[in-house]
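Chain naming follows the written order as A, B, C and D, and within any one chain the residues start at number 1.
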Amino acid sequence: MAEFATLHDAIQDLVPDGATVAMEGFTHLIPFAAGHEMIRQGKKDLTLVRMTPDVIYDQMIGMGLARKLVFSWGGNPGVGSLHRFRDAVEHGYPAPLELEEHSHAGMAARYAAGASGLPFAVLRAYVGSDLVKHTEVASIHCPFTGEELAAVPALNPDVAVIHAQQADRQGNVGMWGITGVQREAVLGARKAIVTVEEIVDELSHRGPNNVVLPSWTVAVVACVPHGSHPSYSMGYSTRDNAFYTEWDLISRDRDLFARWIEAFVIGTEDHAAYLSAISAQPQGKEALGG
Amino acid sequence: MVDLLSHDMTYTSDEMMTVTASRKLVDGQVCFVGIGLPSEAANLARLSHAPNVVLIYESGTIGTKPEILPLSIGDGELAERADLVVSVPEVFAYWLQAGRIDVGFLSAAQIDRFGNLNSTVVGCYEDPKVRLPGAGGAPEIVSSAGEVIVMLRHTERAFVPSVDFVTSVGFGRQGEGRAGHAGAGPTVVITDLGVLAPDPTTHELTLVATHPGVEVSEVLSHTGWDLLVADPVVITEPPTPEELGILRDLVARTKEAHSR
Amino acid sequence: MAEFATLHDAIQDLVPDGATVAMEGFTHLIPFAAGHEMIRQGKKDLTLVRMTPDVIYDQMIGMGLARKLVFSWGGNPGVGSLHRFRDAVEHGYPAPLELEEHSHAGMAARYAAGASGLPFAVLRAYVGSDLVKHTEVASIHCPFTGEELAAVPALNPDVAVIHAQQADRQGNVGMWGITGVQREAVLGARKAIVTVEEIVDELSHRGPNNVVLPSWTVAVVACVPHGSHPSYSMGYSTRDNAFYTEWDLISRDRDLFARWIEAFVIGTEDHAAYLSAISAQPQGKEALGG
Amino acid sequence: MVDLLSHDMTYTSDEMMTVTASRKLVDGQVCFVGIGLPSEAANLARLSHAPNVVLIYESGTIGTKPEILPLSIGDGELAERADLVVSVPEVFAYWLQAGRIDVGFLSAAQIDRFGNLNSTVVGCYEDPKVRLPGAGGAPEIVSSAGEVIVMLRHTERAFVPSVDFVTSVGFGRQGEGRAGHAGAGPTVVITDLGVLAPDPTTHELTLVATHPGVEVSEVLSHTGWDLLVADPVVITEPPTPEELGILRDLVARTKEAHSR
């Protein structure tokens, strides 16, 4: 059965330095609050796993929390580059970042194998792509037809962190809309932390695509309203598109980035304080004289 | 219905590119759509001549009918207006890999003479000049879709003799072809200047059409290799008032919605 | 896009003699009407595929429609044996029945591979079971860990036949409740026939477990109310448990079975006629003087 | 709450078997349940001492809390009272194979000296005396579940020296053990006469308990091999009035519902 805890305690207790952490989401339900808490707690040497690393990973990488990134597409959705990620890869600032890079199909299959208790997955992928020279892909033959296919190793993160719309009082988690690979990340991980918008008496299954994670598949549930800001939680909040655009400017400049993190993350004691700081100064960049 | 008089009949080269791309989609086709230019062109097709085109986004939305263009691959608009929403592992295994996609519709940072696509790095992988976002769904879309429509703006930086990194294989480094791939690969490349298609035998990209007012010399000067030119080169039909009207309404609706 | 047709025409046009046919369902939504129509049309040499062959396959096998059965559990759910199936296997009556037998895990993985466009599936299964001596299972090694696992060939039936609650006017199919392996059967088959309880303006997604099959993945939709009798369609009908019990008696006796099929299937022109015959003489056995 | 006076305190051997089996489930365990006797015992446990037991049926219902016993693996009652319902491929891949199951709870037609289970054929496979339904989910439940509880009625036909067909491996034809299996296999066999458990070293099934009023000789005469007998043999605690009351209410509710 999942336990209920504060986000602070969940991150402190379940995310040791050096852990392999998958914070999943496909631009919907991104666990920003959990990432900010890892920055506040100064986590170190993390291996970050995610199909689509975006602004929260940009922030964590920019603060030097990550030793390695396992991914398939890293960008600021609808805007462009992740400048902190690029600075780390292109200039080793603030620290070098090791990359383990796949295609979406490969990453999705790796998560599914992890959730299935298999050591690897088989798929049609990577044919002729230079990716095979830079990542762990093997070739495997069908024992019945002889056909050659690709094999990729399973993903079993130490900790999966996701944001969902609801949990009931028994800790069963309910989410809907675009749920990406979150279910596989949770089922494949050794432990899972789920932040939710709301604790309810009964999951409301507002669909489309209702997904339930039973309480016993989750280690800790933390109630963090708007825990996905600037991403969104269908039925609870809309995407703060202006923030993503603004992030392009903030993240281009090392000092401006550092000041933003200081003012809005390290300088706020929790997500509620972050939200009031953001709403008090929506134009973060100007507020910082950037 | 669109009020034609309300629209300025001049148009931009991006509009010409989007309209040209949208015309390539056939009604009823199943199309795996990338975000950005491809998504704009695919939805223009759906709202004009191809009302029954099935749009699939890699975030898992199948039969997607957005009223406004998505800013991101995971916009709520996509989920709310889809026939069904599935997980990401499923969209790649049960839908793309299984061969249900007629047309893949995507963009890239670089394309070369043989239609190979790069969205990974400019420069070398270990010490890149520019680190790009990466593969995403592209390698398997280009491999598995029945055919692929590529859209990108025509610049010397984008059209290079040989891509720095083959993220998704078109016809191979030497134009060797499509062995090992289920699909036909990039059958057309649409830019803001014209239309390119691979030569049936050599697979080398060839200029087959220019947009109205664009000189062949202009296309050549924006291409990083000696681009083959078909004879004759067709001139693209300009956007019709209806196409322009629908596109501009879509873009205006989108701007309005995202500025809220 | 799916076409709408009568069940008679769908079976006549899409199910040739000798076809490999998967009529799936996990005691819920069993496509009985479609099976009865195959009996009426006297289909021959079919290879029948199903994880849980039950009374409808017992009837088809008893009438000699099947050359081969691909399955993992064959019984009368909650009652006992399938006597026509047993008679065919034990005594070759009315004809010998070739068996291709797997475990549920293996059959489910075979269907999933078929739906994924892969030639085979990898799973942890069959270790030490005598099944491996009698079915097509290969051993395969993980290219990363060296671990040995089982491989089974994909299932891609010529035709999948399922029963669902609803289709909308575009032919999109909606079902809910226990949906077993039906989605994989349809997506893995070359063609799919779906019988539905009702044609609706909009799928009502009454859940739990709402499943949608887009119109373009289905060849033909036929509206056949109560097409799952004596099985059930959640939200539309309840299971006729008495029939399953009675079937045990009817199917034990070759002549009684033949008379029942004559009276209730061959003697009825379509499913509506079958339903009125059944409701007029619910005690089929006594009615036949059995 | 159960009104004890309303229940006859004598009980049947089947009731003793079901109550004994239900006691083996520990509150909070995740249990993969077979239909029939195991389902009855597992739900008795859930309604008595193990309210938080998680019941999973192979039809894909997870966290199942039926008010009446299902007649079939796919009864609507299971779907309507589950925390979630998933597809059959998923229940085997993501839930059973992934090692999330603490206890597998099933029956069989034959069991032998080393706990091997047969639900495929009596006689030889090619020309069977009796063709049984087949494997279903059993081989992988017995292989992957943390441990397995087996329930079947104690007859010489069911308890054979060596099963005609190993559908699901207990400890192997020669009792060689569990190499290649994630789970511990059949740790207890519960019948209408008593309880058997594998010897820790030889893995041979051994009589460890008899139900009240059952002589050891009676168990031996119903077993098709020279059954080892533990010393001492425990006498099972008879059903408590509460256990019997809950079980009989459940069975009565079930009969009533299914006769509608």
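In this text, a residue touches a chain if its C-beta (ideal position, glycine included) is under 8 Å from a C-beta of that chain, and two chains touch if they have at least 3 such contacts.
For clarity, every value in this text was computed on a predicted model and none was experimentally measured.
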{"item": "Labels of chains that are neighbours to subunit A and to subunit D", "value": "C"}
{"item": "Between B-C and A-B, the pair joined by more C-beta contacts", "value": "A-B"}
{"item": "Subunit B-subunit D separation of Cα centroids, rounded to whole Å", "value": "58"}
{"item": "Separation of mean Cα positions, subunit B and subunit A [Å, integer]", "value": "28"}
{"item": "Length of the line joining the C-alpha centres of subunit B and subunit C, rounded to whole Å", "value": "42"}
{"item": "Subunit A and subunit C: spacing of chain centres that average the CA atoms, whole Å", "value": "42"}
{"item": "Junction residues of subunit B - those touching two or more other chains", "value": "84, 93, 97"}
{"item": "Multi-chain contact sites of subunit C, meaning residues that touch two or more partners", "value": "117-118, 123-124"}
{"item": "Contact graph of the chains (line, ring, star, complete, other)", "value": "other"}
{"item": "Touching pairs - complete list by chain label", "value": "A-B, A-C, A-D, B-C, C-D"}
{"item": "Of subunit A, residues touching subunit C in the complex", "value": "117-124, 136, 138-140, 142-145, 147, 149, 151, 153, 205, 207, 210"}
{"item": "Residues of subunit D defined as touching subunit A within the complex", "value": "28, 30, 52, 54, 62-63, 83-84, 93-94, 97-100"}
{"item": "Of subunit A, residues touching subunit B in the complex", "value": "25-28, 51-52, 71-75, 77-78, 81-82, 85-86, 89-90, 101-105, 108-109, 111-112, 123-131, 133-134, 177-181, 183-184, 208-209, 232, 234, 238-239, 241, 244"}
{"item": "Subunit C - residues contacting subunit B, complex", "value": "1, 115-118, 172, 187, 212, 214, 216-217"}
{"item": "Subunit A-facing residues of subunit B, complex", "value": "35, 58-61, 70-76, 78-80, 82, 84-89, 92-93, 96-97, 120, 125, 128-131, 133-140, 143-144, 165-169, 172, 180-182, 258"}
